[in-house]
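Below are two complexes that have chain A in common, paired first with chain B and then with chain C.
So, the complex of A and B:
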């Protein structure tokens, strides 16, 4: 079964169209990478999937159910989690306070912290530090820890690598691979393809708001340079 | 793994049981308009009740008072509906803006402050 399915999605901002009929599926238990150059519409696709941006046409199906118009918090409460570009943490709160924000889902803070610090021991050492003073990698870890605290069934990741050193990106993608092995379905948006293709089961290349190619990562390697460089 | 399988099954179950509102109905917008309409109509009724209230007949005066009170009640209910549905939208944007400005302010402060140690992620003075 497809845990997420986008059918003929069209979306835009004001009068500017960004997506021109996106078809994409995330099968249960798989990792799908959505790749493409800057401005291709990757983040908009994720926002539409998470219910944060209404499509002008097309259907969003979660677990086989059409969910157009469902508020994002309803989807989040049931297990669809988006970790946005720019991390979306509260910079003026401490690590613990940021994690505490997730306890609104009904999960105890102790359980949230246990899960977070098991995966990201470094956060445990920074528990009383203000999130805005963490390094970029640690902020991304905090964003992931908060997302994973909700015990998601479907995880949407937006530009995990943005502004981070390659070694940190690799470390984060190891965590993504670990989460995927636990059976969580993941749709990950990335501009830098090399690391994410090592984790993904399928990949789609998005160019100018259209899916240009879908396939196994190995099959798409040659198409990537064309998508990015227009060669 | 079976724990995760259960989680996915639970997710599917919850999604299938979810009440999906038809976005075409736009209930919030309808209530907002109802609120505005009640405010205007209620006020109109209250003003209209002023004229028969001058009648010499006591019964007619009482009818006019009841009408005026009904109009005022409609205005109060309409105002409440209007505030409820317009403030919800406004506060949502206000909160989003507040969070964004906090983020921008922190970025500015960090940009102006001491460099961070890449190893420890803790502030370190230059030199």
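So, the complex of A and C:
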């Protein structure tokens, strides 16, 4: 079954159209990478999928059910989790308070903490620290921990690597791969194409708001440079 | 020592009230990003309601308190959030400010409508009859003790609520990142609603506790709470602990001022204005955010005015003024003549707030300075006094600008509001005084001063008709000046500064000089307006130039469209022509009109470009249809001649004056489709869309591609090479 399906999605900001009919599926238990140059519409696609941005046309289906117009908090409660671009954390709350925000999805704080600290022991040492004072990598870990703590069925990751050292990016993607092995479906947007292609089952290349190519990572390696260089 | 302790307790009691009110303000500001100018007014309404229940209807205190604090106030807060504030997301700070200022005006109007001013409404403090608690060297009343205890309870309660309760944590989370809280499954709208409910309850609590001191008076009670704003600014509108510290500092300062300030005629006003003075100092002393590089994108869009358009506007206005001046009675002219001087004051906001994005809530104060100059230097009717009024007001404007340079947005609005209060509560009320024995300063002579009519070319312009024409001509000239500025170098710099100060600074623009220039210019224009206003009034007093009037003018100019001169005219016409007309036609509305300026401003969130923009769009077809325009001019002139010959009365004339443009616009609208067809035939339509919007505003064509290549200077060879 397809956990997420986008059909003919069009979307834009004010008068400027960004997406011109996106078709994309995330089969259950797979990792799909969404690649493409700046301004291609990758983040907008994720925001549409998470219900944060209303599409002007097309359908969003989660687990086979049409969810256009369902508010993002409702989607979150149904097991869809977006970790937004930048640091998806609340910098003025402590680590524990950040995790506690996740309890709106119906999971107990104790369970959330247990799962988070199992996966990211480093966070356990900083439980009362204000999140804004963590290092960049730790902040991204907290964002992931918060996302994963609820046991989501579908994880949407937007630019995990932003502003982080390559070695930390590698470390984070190892966790992504591990999460995928546990059966979570993942749609990941990334500029670090080579790193993410090592993890992904499928990849789609987005150019000018359209899906230019879809396929297995190996098949796409050549098209990729073309998409980025616009040649 | 006893005296010191007594006033410490007085100060701490004030501090407690300010802390309660300010924490409510901080709560709503942080969770929804709207600085609620009407927060104090909500407290004022609560105090009135409590008085109504407790003393007029004789309910018992606990029931009345329960109903006001836990039922009515939270409901009112939820109502404000859902009906008004929720629609303000994504609008500029100016629009948010105008909406909350309008809400303040509306609430004051509402209170005065329900509880007729001038009636004595004694509001005893809690446990008034009971013997004060003995603390050894001094005593503390039960009301004071309760107030302080309540503030401590609020502090502890809020602390626990915001760090222990999940919804409290969600409130703080919403401050950091609103959309992320949604992704977490929390409902931000519910969080905002709770914040407004809680905030309004806190305002209500503060209002009920403070009211027994100054007594129940709508406007002064709403503005008295300025001190609470100073406390909130202490916490930079974000930190609750610092807000409590700020409240203690401000409360104690006011307590000691009450105890130790010498009693004399120069300082009575100082005491009344002291909250504003403290707010002003706090704003200046606190570190402010440095230049922000972030470009604020908004829904506002002000088109560039044309010189011909400006000239047409000015000419139409002067002609209309002459027609009215020669037909209306003196009494009517005195009433409606005020449109033009107030219009000039509103015009002063256009370059400052409209172009440069610098919010000022003290334009009437600058007008007051112009009026004072006119009264003293213009004695005997010297027209040069007008020049002095402009220069001196401009100088004061520059002086105000110096500290204001550090402030922006909401802080600037608060700073200028504080300045206005300092002037109208203290400085304008000063009696005659000498400066180092060198010269004598006599502002409003401690009451009111007479203003002589202008005398020039051997005539004295002492009749309302000629004064109205003078003011209209002045308005037209200033409007042309503003149009000219907008089209010139200064206008470009002002708009650039509004969009990004950081970018301007990196381009080598001297921000300091630009801001000083625009503040001085704006104050000068306001000074001119004030001077002309003074000659019309023949006698002026501080009450003519109060903060509340500045707020009304500011709010309505923004409603009209602060980026264009038409917005200023809109504000003046609605305040000084429409409202008086309404009460003349239907005297029964006299008690309701107080609500109108506020109600209009509250509706602003829907159209940030202002009403004038839409009115202009409506008139565009008329300007294009020359034949209809000519017929209309002939019709208006005909009506004027008929009026002069006394064939028709004033009412018929005014109705015709309004009906002609309306009918003409409709007629032109009917003629329009044909005109468009003709234009399309010539291919003229293609070029009216700027290059960067082609393909967005209308479909992209081959011709556009060619033109784009041409404009970019790309040759055929290069194009082939890339392709």
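Quick note on the criterion: the second predicted complex is superposed on the first by the 231 of 231 C-alpha atoms of A that agree within 3 Å, B and C clash if a C-alpha of one lies under 4 Å from a C-alpha of the other, contacts with A are read in each partner's own complex, and residues count from 1 in each chain.
Going forward, a contact is a pair of C-beta atoms (placed from the backbone, for glycine too) under 8 Å apart; a residue touches a chain by one contact, two chains touch by 3 or more.
Just so you know, these numbers come straight off a predicted model, no measurement behind them.
S.K.: Quick check on the chain A-based superposition: chain B and chain C, clash or fit?
M.R.: On the superposed model, which is not a single observed complex, chain B and chain C clash.
S.K.: Looking at the overlay, does A:50 come into contact with chain B only (first), chain C only (second), both, or neither?
M.R.: A:50: touches chain C, not chain B.
S.K.: Look at A:104 in the shared chain and tell me whether it touches chain B only, chain C only, both, or neither; answer first, second, both or neither.
M.R.: Only chain C; A:104 stays clear of chain B.
S.K.: Considering only the touch criterion stated at the top, classify A:92 as touching first (chain B), second (chain C), both, or neither.
M.R.: The answer is both, since A:92 touches chain B and chain C.
S.K.: After lining up the shared chain so the two structures overlap, which partner does A:79 touch, if you call chain B first and chain C second: first, second, both or neither?
M.R.: It touches chain B, and chain C stays clear.
S.K.: Of chain B and chain C, which one touches more of chain A's residues?
M.R.: Counting residues of chain A touched by each partner, the higher count goes to B.
S.K.: Please indicate which partner A:9 is in contact with in the superposed arrangement: first for chain B, second for chain C, both, or neither.
M.R.: neither
S.K.: State whether A:151 touches chain B only (first), chain C only (second), both chains, or neither.
M.R.: first
S.K.: State whether A:133 touches chain B only (first), chain C only (second), both chains, or neither.
M.R.: Only chain B; A:133 stays clear of chain C.
S.K.: Classify the contacts of A:70 with the two partner chains as first (chain B alone), second (chain C alone), both, or neither.
M.R.: first
S.K.: Counting clashing C-alpha atoms after the superposition, which of 41-49, 77-85 or 239-247 on chain C is the one that bumps into chain B?
M.R.: Of the stretches 41-49, 77-85 or 239-247 of chain C, only 77-85 runs into chain B after superposition.
S.K.: Could you pull out which residues of chain A sit against chain B in one structure and against chain C in the other?
M.R.: 90-92
S.K.: For the complex, which residues does chain C have touching chain A?
M.R.: Its residues touching chain A are 163, 166, 169-170, 172-173, 175-177, 179-188, 693, 696-697.
S.K.: Tell me, which parts of chain A touch chain B in their complex?
M.R.: 1, 3, 28-29, 54, 62-70, 74, 78-79, 86, 90-92, 126, 129, 132-135, 137-138, 151, 153-154, 165, 182-185
S.K.: Considering the complex alone, what residue numbers of chain A touch chain C?
M.R.: 15-16, 50, 52, 71-73, 76-77, 81-82, 84, 88-93, 97-98, 100-106, 146
S.K.: Could you list, by residue number, the parts of chain B that touch chain A in their complex?
M.R.: 1, 4-5, 7-8, 10-12, 14-16, 18, 20-23, 99, 102-103, 106-107, 109-110, 116, 118, 121-123
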